[in-house]
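What follows is chain A paired twice: with chain B in the first complex and chain C in the second.
What follows is the complex of A and B.
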């Protein structure tokens, strides 16, 4: 309960001002395509040089929390996921915006972000020592199986057919091999210098999601039938609350999945949203509504990606190991003030540590308030005429992919992947499984190589990958997941054939 | 319009000519960019931001230095860019990591070598250290060597990738001790390699002194030896590998500093070489670096040139068999 003692420090005028600045700035940065939470925090580091340690961390903590939530804005309104964390948000969020429910989608996304986020920070406050052990439990073999588990959901994610889902997953896995391989340094499929660093995940995200949409919008613009304007329905905040309580299951699944996955170093937030989305789809009675603008999917994805924020800092604050790229940037922010995170951080610098954590807690709530305030206004974006919208999205896509590492190479990658995806979508393929393949490929590959190197030096491949409680548990889940997908596929096939007979 | 453009072009040409004529006395006239070939938040990026923070001062360059991150493929993407695409006009600097870029250029597949760059000055030297988990049965370097000799190829040792300082240190240890270790390169840099040691995924690890120092302070690892010529000020009680009887020199020490692409005007190189080392010695910079646990080691251009040449020799020999 020590943290309550330090709550006062958050509310001194300067600290609270920084907290507001970080939250509002974070929302804006997060809503800008291409500026991922990691980038936003890195951009703010130089400003903290001039501040005291606790003040600097308040700014960084608030920015981290609100950029993750802010990413939902462009994901919902423009179908551009600003960071991997927001991929699952686009699936139902953008569909809702197209139905004129943009305001509702934004309100639900900020509310569920806040619930997930507060839960995650509370975990960080109360369970840090226990969670640190859990974070360490995942070695290369477990991470490999975890990535394989991710691969098993590819087929069922946002695709009409399992085969097409798996095929686009394979394209993603292949794209992930491009570039210098990080472990051995071998060159793979580099036929242009801009590919030597591999496909940048953020540039790929922007291209795969936004460009097909831009092309479709331009194509529609030629028809000029003028019927495309979307009516934006007003949505009172009160009913957003009651909506949220109606979908308690999605909320719970999202929050818990996000917290657990956020803990695991090296996997982190990239897949938390997607896994939560998939799980809540499997447990929901309205499976068919997912992907068509169903609030459950949106709630699960957004509560998961903010629940991940708190636990993702556990390895950093207790073991001094940054578990995610953003945590690595925050480590820099700590070191610059001579603060070494570790088990004794809470003894040596309790004021800094607790003020930082408290500011994230209050930041979640402030983020929610500001988010709800802008939701109504931002949803009007949908009223912008299609032709103009296409130009704006295209401009943002180019800006976003260039700004990742100030490189035109990423813009070329974004554009070519986008054009490719446009044609793939016309044949019923979908971007989400492709991106999941792109994210999971390197995790599976590098952990398999590392694991097999350790295994050959010790007891051999089979005992290393196939024994141990955690390995066996993950393997069982993988098998169950495959069986479930197969069962669902067979069932839907039977239904369709019956309908065909009836028809 | 055409006339206007032509006029502007002539005026511009005139400007550039005066710039060359006065021997770059006015350099720098606009902010400078420094490329870091690792991501934001990494040790190199973090240190680069600290050591360049005073460059806008009048006694330094008088113009700020902005950091541009070009991460990817263990630094190859950024250094390829600096060697091939960056403009050699003095407004594009780059951060180097030795032995990384030299080892990569010897191994091949990249567009650069030591001949592609001109060093300006060195700011930091982060030696590789041997770490084991806090509950490990190894307490000295000798324990580790004995185990590796008795069980060839069984000592799993993590490090941040191939052809980086950690890998070089492992190769040197194998050569000096006439033994075989199982070097496990991790993806995700030194942090992932350190996690493998703390979690017990591997038996030992080679890591940066600065990161190991923090992990040891937190009570998660034991540091057994430093791969450097002398003991480090951060770890006065930890012996060097040579003291412990393993002939490993400082070839694996991660030197970080500033360089420019070949072809940068000599006048600018001279000016930078004169100013940058004093900028590194600024007391504010030194204070921040010390607070962050980053060992500083300022070297001037001539010293860095000699260091590069020496590394080139050692690494060529060491990597010949791979």
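What follows is the complex of A and C.
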């Protein structure tokens, strides 16, 4: 119950102001198609340099929470999901808006997001300290395998091709080795002076997530999207509450599904929303109404994608393993303040850890309150032309990456990685495992070197890294995640070819 | 070249570049000294080169299923914007000064990709006002709030 002790810290004027700013800003950014939560959080990191660690994390956490919820606005009113997590919201949300129930859809969406989100953060509050204590038993070999697990799980589950996902992870791990070696001081892969200090993680994150999106907007050319927001009629909030209570089964399914999926590294909000929608439909007596503007579908999808947010941070805060690309960006936000997640975070910086987690809890409620008021404005922002969004994001990316260390080298690295990532994505590679590789690379390497030293003095390399219950368990999980993803990839292909044959 | 063969050629080129990078990384990792400093890179590079060659062979055999490549229309759409963005980042930002270069790049990109017709005066006024507002926000955020000292070369 340590978290209660730090509850008051959220309400200091600066902390609460940042929480409000992150929540309202996140709602507007989330509603903007093309600005994913990961990219929004990455672009915000430079603004946290001058803040204290807890304050920076409050801003980033609030933005993460509310961009996921804000994405529902454009999904409902424009039929464009603001983020991948809102794909399932579009199915019934937009149909409701077309029937003149736009306000009701928005109210239900924010209310169910808040309920799911609060449950998810409570799970984060109660699971994290237990797992953090368990993490004390981890030695260098376990931490090495955990880092590799983080890369392989995201590489295999988050990518359409397992081989390309794993290859993306390898590219990230290699990029992490650029610069001076920590132990020998030797130069490694320094092909240009701007790489001598290694690749700055923040500049890399901005480049890898923002620049491909900018180029994608360029590639669409000079055309009008033709999207027009549906005007919303007033709807009493009281009846939205009673409707939410009426569909408590959908809410329960969405919340539980989202929380469980959030705990699995690599499986994002998009999957959470779609699985919850599907399960809710399966157990509903009104199956046929799904997809025609039925509130149950909307409630299940929205409660799931926000319930996923809290649990997705559990592996990050306990084991230093970011379970999602956005969690990886948050890890970057922690590292710039010299704070390492895991036991270090809870033993040495409990104020930072608990203020951040508590702020996410309060943020869910603020997101619900402000979401209902900001929705109209957010829908207007969502109609901003792609040309303007591309130019704005490019400007923010350049200024943001420069402000990290006041270095043009970081801007060049950001741009080079961004352009490279755009072309890699066109060939089926994925940014998420590459980022995970880049962030977990130093963790994997330092534990590998430390483990090698211990192994040399004891049993030898192979017994140290390949034996022991925990090592074997982690290796089995690595292998199983790759095999399972490979099997799913082959099965999907087999179905595709069947469909092709059947015409 | 037919449209159907375009992604295959692109996949061969793309995976070929990745395989070449993998081979270079692998070569450097195994030849550079001190070997202790390259222990971890060797481990990574070995897996990297195996997966990269696998991807390359699959692309050559036409077995690649993921990734749509880049169509000619997409390329012609993105090329002007990308060129302007690269000139802005790699030359103008340092050469002209951050704020001047950003204003110019923002205005050109907006004009290039903005849907309203170029012949209408109102749309140009809107673009100029948008650029001015954006620059005011950037100056307020970075120069005044965050106190970031940006390169000021020829202009500002």
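Just so it is clear, the second predicted complex is superposed on the first by the 266 of 503 C-alpha atoms of A that agree within 3 Å, B and C clash if a C-alpha of one lies under 4 Å from a C-alpha of the other, contacts with A are read in each partner's own complex, and residues count from 1 in each chain.
Just so it is clear, a residue touches a chain if its C-beta (ideal position, glycine included) is under 8 Å from a C-beta of that chain, and two chains touch if they have at least 3 such contacts.
Since we're looking at a predicted model, the values are computed, not measured.
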Which superposed partner A:424 touches (first chain B, second chain C, both, neither): second
Contacts of A:189 with chain B and chain C, given as first, second, both or neither: second
First, second, both or neither for A:406, with chain B first and chain C second: both
First (chain B), second (chain C), both or neither touched by A:49: both
Which of chain B and chain C A:466 touches, first, second, both or neither: neither
First, second, both or neither for A:415, with chain B first and chain C second: second
First, second, both or neither for A:476, with chain B first and chain C second: neither
Chain B/chain C common contact set on chain A: 46, 49, 183-184, 406
Chain B contact footprint on chain A (complex, rising order): 38-39, 41-42, 45-46, 49, 136-140, 179-180, 182-185, 187, 193, 196-198, 265-266, 315, 318-322, 325-326, 328-332, 335-338, 340-344, 405-407, 442, 446, 450, 453-454, 456-458
Of chain A, residues touching chain C in the complex: 46-47, 49-50, 159-161, 163-164, 166-167, 170-171, 173-174, 177, 181, 183-184, 186, 188-189, 214-215, 217-224, 385-388, 390-392, 394-396, 398-399, 402-403, 406, 408, 411-412, 415, 419, 423-429, 444-445, 448-449, 452, 493
In the complex with chain A, residue positions of chain B that touch it: 39-42, 45-46, 49-50, 53, 68-74, 76-77, 80, 84-85, 104, 107, 109, 153-156, 161-163, 182, 184-188, 191-192, 194-196, 198-202, 211, 214-215, 217-220, 288, 290-294
Complex interface listing, chain C residues touching chain A: 10-11, 14-15, 18, 21-22, 25, 28, 32-34, 36-41, 43-45, 47-48, 51-52, 54-55, 58, 64-70, 73-75, 77-78, 80-82, 85-86, 88-90, 93-94, 98, 102, 105-106, 109-110, 112-115, 130, 134, 138, 141-142, 146-151
